[in-house]
Amino acid sequence: MQKIITLTTDRKQGLYDITSDITALIKSSKIQTGIASVYARGSTAAIMIQENWDQSVQHDVISLLSKLVPSGIWEHDHQDNNGDAHLKSGLIGASQTIPVIDGNPGLSTWQNIFFCEFDGPRQRREVVVTIIADK
Amino acid sequence: MQKIITLTTDRKQGLYDITSDITALIKSSKIQTGIASVYARGSTAAIMIQENWDQSVQHDVISLLSKLVPSGIWEHDHQDNNGDAHLKSGLIGASQTIPVIDGNPGLSTWQNIFFCEFDGPRQRREVVVTIIADK
Amino acid sequence: MQKIITLTTDRKQGLYDITSDITALIKSSKIQTGIASVYARGSTAAIMIQENWDQSVQHDVISLLSKLVPSGIWEHDHQDNNGDAHLKSGLIGASQTIPVIDGNPGLSTWQNIFFCEFDGPRQRREVVVTIIADK
């Protein structure tokens, strides 16, 4: 089964928890054992598995990436001034593959699935979820 | 086929080679061609494909990440003092997908599959391996 | 369907666009909906989804990684002097999984698939592409 989740982002950079959408898709697929491939459609976005106990780790992710990848110093900035957003996207990666176990995402207690926005706000962002059974 | 590999980690941070476990699972699946999805269940852990000629690259991975992500300066440290471990986990990523070729992991000569521990030691860590045939 | 794409790299470090090869493989597989797992066989290489409007972002990726991972200061350099290449490979990752939508790679307008060379030039590099239908 394959579906596209859409979301709206409301700031320049941030992590958005999409776990409940993906759980709902896995349940509707009726697949008990397999994988869910999660893909961010956008070269200034990414997918990250991360803790969601409160907002602290999400804030720390943005702080870390801002330190590692400063804005305004890249060759690509001469085009559209978002070189840092592309680099953060490439560093984190567009795809993560999550196991499906007993009809649910096989996450640990503290793992959640996040869409990472690095060049927002955007009216419409797309995440492609493809669920495949193991036989 | 889906199985959970368990391991015990004996230090704060380190890379643990799990290639032989994954090779054994692929062989027992009898699948000749397809993929093996390898997933670290834990938001302070990750999966990395890396060389294992000796311990040097594993040490260098920990050194690099300690430089890029210093400990003790994160918002999340106010909760449980492991902000750096979550960030390293997010940077490296919880999942890697390896091809299955002729009933074996399709690694190059120097590639091995590592579980990355960033907040150990832990009595029990889990890696979910899902093997899927290509038709 | 599984195939190995081969390529020759002509410099020490660089990004090589392999999108058209992967699109051709997806079309020849006749699979309409599913995933394409793309895997770099080499522990000094990686796969990155990135913009390809012009060469600027590719140059910026190499600049960023050279800053984050300086060469010549790693334990592994005592073996074969390419410690930085292994670390860049581990940071970016050997695999990306791209959705297949309507018989094409489900990329956004600006996303392309790149092979990242960190220890070239090399006569022969291999990328394993495994395409799996969603049922």
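Annotations
We call the chains A, B and C, going by the order they appear; numbering starts again at 1 in every chain.
In this text, a contact is a pair of C-beta atoms (placed from the backbone, for glycine too) under 8 Å apart; a residue touches a chain by one contact, two chains touch by 3 or more.
Remember, it's a predicted structure, so these values are computed and weren't measured experimentally.
Rotation angle, chain A onto chain C, C-alpha superposition: 120 degrees, expressed as a multiple of 5. For the pair chain A and chain B, the fraction of shared interface numbers is less than half, so the two copies use mostly different residues to meet. Centre-to-centre separation of chain A and chain B, using mean CA positions: 19 Å.
Residue positions 68, 91, 93, 97, 132 of chain C are each in touch with at least two other chains.
Note for the complex: chain C touches chain A at residues 33-35, 48-51, 53-54, 56-57, 59-61, 63-64, 68, 91-93, 96-101, 106-108, 110-111, 132, 134-135. Residue ranges of chain A in contact with chain C, taken from their complex: 1-2, 37, 39, 41-43, 68-69, 74-76, 78-79, 83, 86-87, 89-91, 93-95, 97, 126, 128, 130-133.
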